[in-house]
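Two complexes follow with chain A in common, the first pairing it with chain B and the second with chain C.
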Partner chain A sequence: MSAVIEIKDYTWRYLYSPNPALENINLTVHQGEFIGIIGPNGSGKTTLAYSLNGLIPGQYHGIKQGGIKVLGKDVESYPTGALQKSVGVVFSDPEAQFTTMTVEDELVFGMENLGMSIPEIRERLEWVVELTDLSPLMLKPPYEISGGQKQRVALAAVLAMRPPIMVLDEPTSMLDPISRRRIFEVLAKLKREQRNTIIVIEHSLENLVPLADRMVLLHNSHLLLEGETRQFFEQMDLLLEKGLFPPGIMQFFHYLKQQGRYDGYLPVTVAEAAEKLTSLLEPAQEGKQ
Partner chain B sequence: MTSPFIEVKHLVYRYPDGTLALDDINLTIDEGEMITFIGQNGSGKTTFSKCLNGLFKPTGGDVIVDGHNSKTTPIVEMVRRVGYVFQNPDHQLFNSTCWDEIAYGPRNIQLAEEEVKERVEEAAHVVGLDKSYFKEHPFFLPKGLRQRVAIASILALRPRVIIVDEPTTGQDAQQSREIMDFLVELNEEHGHAIIIITHDMPIVARYAKRVVALGRGHILADGPTAEVFSHPEILAQTFIEPPQITQLAQRTQDQGFSPGTLTVEEMIAQYQQLTRT
Partner chain C sequence: MHKTLLGYVPDQSPIYAIHPFVKVYFLLIVSLFPLFITAPEWNFFIMLFTLALMWYSRVDVKILRIYAPMAISMGFIILLSYTVLGGVHPEYRLLTKPLGIPIYWERIRDATVVYFRILPMIATMVFFLSTSRERDVIVAMRSVKIPFVITYVFAMALRSAGMVLEDFGIVRQAEQARGFDPAGKSLAYKIRKYIMYMVPLFALSLRRTEEFTNALIARGYAFTGKASKVKRADYVLTHYTFRALDGVLVGIITITFIAILVLRYGFGYFGLDDSWFIIWAQSAL
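Right after this comes the complex of A and B.
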């Protein structure tokens, strides 16, 4: 597997800020990986997202040490606009990325800027509108629709460009639970079918965990923990201590492990958890009869 | 029996463009209740809230708050009884100091400056906003504090019911619990009825006593949280699914778990019960 992102001894301090927003970060991401980044607010997650698509250091003043390579090249060595073809970022505040007067223009804007042909733009527009269920909103101004709808537009605009690397900063915080799950299903499909590399920053872990190959915990500007998803959550006590709340089913199975009632992997889906719990209880209940 | 604080009877609301947003809503809310409104994006939660505080007048039916029908009562009288805290505090904060922000409501209903002062101090005290912040610009405070200023500005009107629209969006797990614990305190210690609009089902499971599920302009379910979450087929109509721990309990009902299980702690307690020999 080839590395698409290499972060090496990376430190970033915003100008006028006494402490670094990120300090001595080391992380390598391979093509086709799905990475979940979690951590309390203020831990440096969004700064990391900005550092991956060149907003930092391009648009912010600050002091940098170490470096970040995307597709083998230093972030700074890309000409303006070139890096953004490879790395698409969906911001946590959807309004931050709107520039046009209709949802349709918003979705087309990025593709036009990439110089795509009109038939191809049309084809992708249909695909992304279907995928994110936006067809009734196409002619509305993006600032007039609901919070959840804005978030779907922001996501669709980036999906339409199909960047090989996608960084999503709390992409579903305003969505209802089933719309949220559907967005994650879209991401899973992109990873499966097109080998996109996907990095998701999230507070709500229930949908993220089943899809993530690897998890990263940022805390007070440091990378505190990193690992394959199931192994990562074996550090349950550390995560709880740092104020994170892992999915309920994992917490429950962690309890079973502590009690010596279970010794396998922590389940990541409800189906898996139900199956394991059923098989744990069956012998016990037969014994009772 | 005393009559409920809010009575909603056959409420219908159409947007100016004719779209039917709420269709025959019937609901009562008592003083001191803690309720969450859930439902998919666009299900009418926010519109319904705006009908409750008189910002929207019903197209049909009635909203009666503390004996006042919203159709005939001036909005000034309505907002004194039902306060609405915006999803994004930045949409409601517009003064250049926290003091002016909190004083805006009381001044707007033309209270004497003496009483304005008393109410600002009281509201700031309830939300835990230190006096040292009074002269600060609200925009330079972190979001958690901005939200407290937003809530204080509503509290200063001394409403009996406070509607809080998605208070935990964009907050991390710890901050979400702090905000919710604070709302519980307002409810339990100060007696305000609290209505929370949210998509965060683990938060609903942990904090709500009563859940109202809205979908396509109707009330699909209204009852104690455990009971509403026991009917995933109804919730799915409005794009809601219960938290994973509840789903796990529902899938293992045959093993003896309750379909209304809401938290990991409840799940563990049942497991201990089931495996006791």
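Right after this comes the complex of A and C.
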């Protein structure tokens, strides 16, 4: 797999801020990977998202060291409006990213900016509306729909531009569990069918972990831990120490491991956990019989 | 029901057959009619005609009730401005002089003319707002090839107005939740305390602006640079077709406007001299 994002010794400090928002970050993301980025508030997650999309340094003043390459080119070498064809960003507050008066206008706005033709726009619109289940909302103003619907519209608006790389900055932070699950269902569908490179910054790990190929932990502006999802959560003590709470099933099996009652890998889904638990309980049950 | 700028219109309304450009054209041109018509009865007729259009478009005409107090108080203010505050005019016909204030027939007549000019303009605006949404205005502008950047700035202005109102509601609720209750307090107190709303609202507006800019850039939009030179397809316009009926309606509005101008300035119609309402009022007073 080829690298689509290469972050090398990257440091960013906002102007008038005493400390860097990101310091000495090194990370390579490969094509088709699903990366989960976690970390407490203020750890630099949003700054990283903005840096990948060119909003930093384009829209913010600050001091930069190192560099970020997207699809082999330095972020700053892209002409205005060109990088956004490659990297789509979904922000945490969906309402703040609506720029038009109807859901339909919102979905086509990005495609119009890319210079697509009407038949192309129509075709992609049909695809994205079906994918995100938005057809009943097309004529509604985006700021009058529910929080979950708003976030699906925001996601669909970026998806419609079909960027090869998508960055989602806490896309479910304002959502209830059902809406949260629906967003992750869309992401799972994308991962399955489109093979986009997806980077999700998220606090809620229950939905993220089963999808993520790799996880990254940012803490105090530093990249503290990075690795394949299962291996990443093997560092459970470190994660707990840093105030991050992995999914309950993982913590449960980690506890069993500490007690010496389990020595396999940590399950990432409920189904996997149920299977592991059954196999753990089976010998005991046989012993009783 | 479809939401409009001022309320809701049923799905079956015939207004949906009309191209947005015709609605905007109606607003802009028919609003001008009263400026060229002095006779109050003709302006009253325009108002009734507009209200009939509202009824035909299945707009809930009950919404007009909320404008009744405004129309009455506006009429009262106009009358007071022209009569009590109208000054001394020895050349005018004096009707009465209560408390030493001269009331002239000509000033009452002028107040009536102005009032009946404003009423159809308001009715036309209410009709437009009751049957249109923000998108209609944008579509109308784009269908006459107004540059995208102008229509978009207009759309953003509409959007930001809604956002500011929304933020204002949030700030007000937050203040109330912490026990701030200006009910029953003096106006001076309310104005003084208004700063409590304005400061967070201003800060929120700045933040919104930053987020809005980021959103625009994230969608590949730029006012300068190559992205702005990309030839844009206008997908929204594909939903609207300018039909023969729309052409006929634009023609009727245009011809009516020209006819009013010709009749007014060519033949002297719609003036005060042959206004039966003014003649009747003059004889009655």
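Note that in this section the second predicted complex is superposed on the first by the 283 of 289 C-alpha atoms of A that agree within 3 Å, B and C clash if a C-alpha of one lies under 4 Å from a C-alpha of the other, contacts with A are read in each partner's own complex, and residues count from 1 in each chain.
The rule is simple: contacts are C-beta pairs under 8 Å (C-beta built on N, C-alpha and C of every residue); 3 or more make two chains touch, one makes a residue touch a chain.
Owing to the predicted nature of the structure, the values given are computational and were not obtained by experimental measurement.
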item	value
When chain B and chain C are modelled together on chain A, clash or fit	clash
Partner chain(s) touched by A:31 [first = chain B, second = chain C, both, neither]	neither
Chain B versus chain C as contact partner of A:231, first or second or both or neither	neither
Partner chain(s) touched by A:115 [first = chain B, second = chain C, both, neither]	second
Partner chain(s) touched by A:270 [first = chain B, second = chain C, both, neither]	first
Chain B versus chain C as contact partner of A:88, first or second or both or neither	second
Identified clashing stretch of chain B versus chain C [92-100, 164-172, 200-208 or 254-262]	92-100
Touching both chain C and chain B, counted on chain A across the two superposed complexes	none
Residue ranges of chain C touching chain A (in the complex, touch as defined)	2-3, 133-135, 138, 155-156, 158-159, 162-163, 166, 208, 210-222, 224-228, 230-236, 238
Chain C partner contacts - residues on chain A that touch it in the complex	50, 53-55, 58-59, 79-82, 84-85, 88-89, 91, 93, 96-102, 104-105, 108-118, 121-122, 125, 139-141, 143-144, 157-158, 161
Residues on chain B engaged by chain A in the complex (per definition of touch)	39-43, 46, 87, 143, 166, 169-176, 199-202, 236, 238-241, 243-245, 247-248, 251-252, 254-256, 263-264, 267-268, 271, 274-275, 277
Chain A - residues contacting chain B, complex	39-41, 92, 146-149, 170, 173-181, 203-204, 206, 243-245, 247-249, 251-252, 255-256, 261, 270-271, 273-274, 277-278, 281-282, 284-285, 287-288
